[in-house]
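Both complexes below contain chain A, partnered by chain B and then by chain C.
Moving on, here comes the complex of A and B:
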């Protein structure tokens, strides 16, 4: 439909209008890339013109050179591939050790765009300097005032279709999950810095291909195409048009962009007004024009053509022919056949002079449930943090089944088969319950190709069936957002998600906190049966002695960052040291 | 010591001092509010334009400094109250909202003063001879003012009760609130002081730089680089960051050219974000 509407413009209007529209459609494709990074994956690129300009300059140079030697046209794909590779490299470098999408990335991209504009001005031998790279010929004998427009329409349709498809794949869901709760996603074994870098590379490729066509359409590339002003406008168009779907950015670039081009010279305060509108959109209308259209559109046509960001897996609900999930990926742990073995060797953690763990010594062997108890500040959660790569050790080391764990990244550790449930339930609040479960199921299972296949949405496992039978709300409330669930239900959902990974070592941090007595009983039953089903080792932090008694007879007491005692619950309760620490015994 | 070495050393000191002055406001706002104020550079530009406006009306420069500080402070209050505070729990949105504000200020400046480069005249345009090197008086004065100002600021921050309350909020905001510190009011005061210090920086630098609507962007990036390298939340981090960024800029620019200095600083910052995301003197 988009193709039809856009191709009819030159017939309904005139070639000049179509030419003008073509330029803004190209900006729209670049803005779609901004929307992918920002609306989907949750990090804001402020210098996107860098890739637009790189694509434009390099395509321009190739086209000029190809006049003398036509075989050089084969280099044209590099005008897209090189900027995309650069985008990937920048994102990997900046995101490598930061798991929050803060302002750092935005400012670095802004600085790079400003630097690029400076270089484009300075290296006039290569770029034509301030006056620009002129006399760029058209691609393949097309005419820039008529036929190039159809090439642009083809690019717009292709990028819109590509994004529309990607947003429905499991990868699209993972990008949303990165934006919502990147920390949690790493504990399912996903390297989120790569996911973000991939999104940014694609955004860079979209901007660069738009830039390449821009070069042939305009015949001239000046430093304006690479600098900071265009970068800013791309962000404004994306925000005002709508950043969550593929259409909003296009709408913003064409609607606002064309309007601005008309009004800028007529009304001097237009740009001031535009800045005010932008601030208003940020404060009040995060979904932009596309969001507003969708809201009103839904009143007119219940099934809107502008599919937004919600309810990803609903199409899988309509197709009940489930597929068995493949077994957990055991490529990462070289020691599958070895018995499960966890060792904390004299682990010390000090932060700013405060000792969090001091010489923690703990050895666990074989399957089964172990409970960790201890007063507040004993180092229970800190020992989990140290084990899962969130707390650097000052001294000592941690081994899991013969492999050294300390010093590795959280997602690497998760891929070794270590799953963790957090003390405060951590889920993807703006995704549906079913999407949450699916993402957990894919962790450690899905490969890159499977993350692009729609059929992956239909994966189910035996454990999934067991969990749904145990917690029926996971099925009956499966279309609700996880954030709308009660605290208790979120505890159960996160437990279910952690179990779905079928880990070798299961770390549960107060899985029964905030649950009623009946719910606690249900929760502990599920833990016990699931641990037997998976055949894993579980380490459970718990304060509720009744729950401890139901779960396990192997109890470890931590106190002041050290192991105080180990043994059966009766041993522990009889231990004078433990009694001294607790001066009681019950919760 | 020959004269060119002295000039280089003075350039280095001058650059570092200016970076610390420029980065101070951004550091205050980020340290206390956790907000990256993307309009920081525009507040500096507003300070410079205040000097320009005063000069155009034929008034003494002292009025310009006062106008710069009071004007930016007066603007900072409503911005904190109605733009930054409602978005505090959404960090990416505060980034965007202040980015929008920077755009608004830039375009407003353009609409009022025009896009062209303008100059603020320098009443202290003479030079002095220092260890055999000729150096502009205004720069020397600026260096002295900045060093004295920072010394007083550090003393106040370390010794005064208000400074202690600020340190408490920077270290642990919820706890500070729990012991009865009005952190909302503190955040508001910090934002106003942050942007007013930017206004002051703009006013003091105005006679030495080209005054134009886009000038803020370079200052924003410079301040950001200083914070990335130095680490957030302490004056010593600001000093360390200014030292490293300023040193790199001056040394590399002297060896190659301005762009070389810019590239070096950019690479240095990416390196820090990659390997030491919390900066040199990080506070966890």
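Moving on, here comes the complex of A and C:
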């Protein structure tokens, strides 16, 4: 439909209008990339013109050179591939070992765009300097004032279709999950820096393809096409148009961009009006024009084609033909056949001069549930943090089944078969309950190809059925956003998600916090049965002695960052050293 | 609902309160009164609206129905920043401390009378030990302790505590109960949402049980057995 509407413009209007529209459609494709990075994957690129300009300059140079030697046209794809590779490299470097998105990335991309504009200005031999790279010929005998437009329409349709498809794949859901809770996603074994770099590479490729067509459409590329100003405009168009779907950015670039170009000369106050529109949209319509259209569209016509995007998995759930999820990927752990062995060897952790763990020595062997108890600040959660790559060790080391895990990344450790539930329930708040469960199920299971297949949404496992039978709200509330659940329900949801990974080592940090006595009983039953079903080792931090008694008879007491005692619950309760620091109570 | 049978000038009077998030109404028809020196425990299974009640009473959520009077003044739908001036302290369930500030800074934000904090810091020695480090480094239980010390340190006439004992070791829970009893003996009121029934039994004089967003039981005569019956899954 998009293709039909856009192709009819030259017939309904005139070639000049179509030419002008074409330019803004190209900006729109670059803005779609901004929307992909910002609205989807949650990191804001402030220098997207860098890739637009790189694509434009390199395509321009190839086209000029190809006038003398036509075989050089074969180099044209490089005008897209090189900027995309650069984007990937930048993102990988910036996002490596991060688990919360800060402003660094935005500032670095902004600086790079400014630097590129400087270079383009100075390096006149290559770029034509301030006057630009001129006399770029048209591509393949097309005419820039008439037929190039259809090439642009083809690009717009292709990029919109590509994004529309990607946003519905499991990969599209993972990008949303990165934006909402990157930390959690890493604990499902996903290398989030790669996911973000992939999104940014695609955004770079979109900008560069638009830039390449821009070169042939304009016949001239100046430093304006690579600098700070265009970068900012791309962000504004994306924000006003809407950053969450593939259409918003196009709408913003064409609607606002074209309107500005028309009105800025006619009406002197236009810029002020534009600023007010921008402020209004940001305050009142955070999802932009596209979001507002969707909201009002649904109100007028509830079953319109635009509706139904709330839960990504809802369409797939309507089809009841579920697929058995493949077994957990055990390629990452070479020692599967070895029995589970966890060893903390004289582990020391100091933060800001305070000793958090001091010489923690703890050895666990074989399947079953172990409980960790101890006073507040004894280092219980810190021992989990040290084990999962979230706290750097100042001394000592941690081994899991013969492999040293201290110093590894959280996602690498997760792929070794270690799953963790956090003390404060950590879920993907703006995704549906079912989407949350799906993402957990994909952890350590889905390969790159499967993350692009819609059928992956229909994966289910035996454990999934067990969990739904245990926590019926996971099924009855499956289309609700996880963030709308009560804290206790989020506890249960996150427990379910952690179990779905079917780990070899299960780390549970106060899984019964905030639950009533009866609910605590239910929660501990689920933990016990799931541990038996999976055949894993579980390490559970718990304060409620009734829960400890139900869970396990292997109890470890931590005190002041080291192990104070280990043994059965009765041994522990009879130990005078333990009695001196921790008596333990019940809810 | 009929209007208030009598107007009370002291304490908290909630009449027919309701509210929720956006169009979703989570809580309906809650009426309660809390006299000076009284401790009211709020119980209920997960997702019945206990935390929502706290947010409605502290102005973090708008009321969709009903009124709230505090010491004779209507305080429904005010902004949360007025709480301190009204003498209402609140310790939320999540988002307890400012992670980037030290413990001392966290406790200083309200410009407390440090002498009134002294007994709390003596009880919770762990908080005093951690005074100079960033609150974000603290363990979950330690953050709960800091939040408790901060909210009681306000010396407010009414303190609302949302699951204060979550992740806190037994000894410290007993100390929390002791401080709450001391304050209530001196005339301060408390409204406490808790899952730890043992703790609640040791401090409350009155109980409110919520289910499916509505009160199902409210009395100052209760037994543990009866309350457990309401909480059965």
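In the analysis below, the second predicted complex is superposed on the first by the 567 of 587 C-alpha atoms of A that agree within 3 Å, B and C clash if a C-alpha of one lies under 4 Å from a C-alpha of the other, contacts with A are read in each partner's own complex, and residues count from 1 in each chain.
Here is the rule we go by: a contact is a pair of C-beta atoms (placed from the backbone, for glycine too) under 8 Å apart; a residue touches a chain by one contact, two chains touch by 3 or more.
Because the structure is predicted, anything quoted here is derived from the model rather than measured.
Once the complexes are laid over each other on chain A, chain B and chain C cannot both fit and instead clash. Contacts of A:382 after superposition on the shared chain: chain C is touched, whereas chain B is not. When the two structures are aligned on the shared chain, A:119 is found in touch with chain B, with no touch to chain C. Contacts of A:108 after superposition: chain B is touched, whereas chain C is not reached. In the overlay built on the shared chain, the residue A:515 is in contact with chain C alone; chain B does not reach it. Using the contact criterion defined above for the overlaid structures, shared-chain residue A:448 touches neither chain B nor chain C, since it reaches no partner. By the touch criterion defined above, A:351 reaches both chain B and chain C.
Once the two complexes are overlaid on the shared chain, A:12 sits clear of chain B and of chain C alike. In the superposed model, A:1 makes contact with neither chain B nor chain C.
Comparing 79-87, 115-123, 169-177 or 205-213 from chain B against chain C in the aligned model shows that the clashing stretch is 169-177.
Under the contact criterion defined above, the residues of chain A that touch both chain B in one complex and chain C in the other are 351-352. Chain B contributes residues 36, 38, 83, 86-87, 91-93, 95-97, 99-101, 103-104, 106-108, 110-111, 214, 217-218, 220-221, 224-225, 228, 259, 262-263, 266, 269-270, 273-275, 277, 284 to its touches with chain A in the complex.
Contacts from chain A toward chain C in the complex involve residues 351-354, 356, 374-382, 423-424, 484-489, 509-510, 513-519, 521-522, 543, 545, 582-587. Those residues of chain A that touch chain B in the complex are listed here as 42, 44, 46, 90, 93-94, 96-98, 101-104, 106-108, 110-112, 114-115, 118-119, 122, 228, 232, 235-236, 239, 268-269, 271-272, 274-276, 278-279, 282-283, 286, 351-352.
Those residues of chain C lying in contact with chain A across their complex are 21, 24, 43, 45-48, 51, 93-94, 126, 130, 132-134, 137-142, 144-145, 163, 166-174, 195-199, 228, 231-233.
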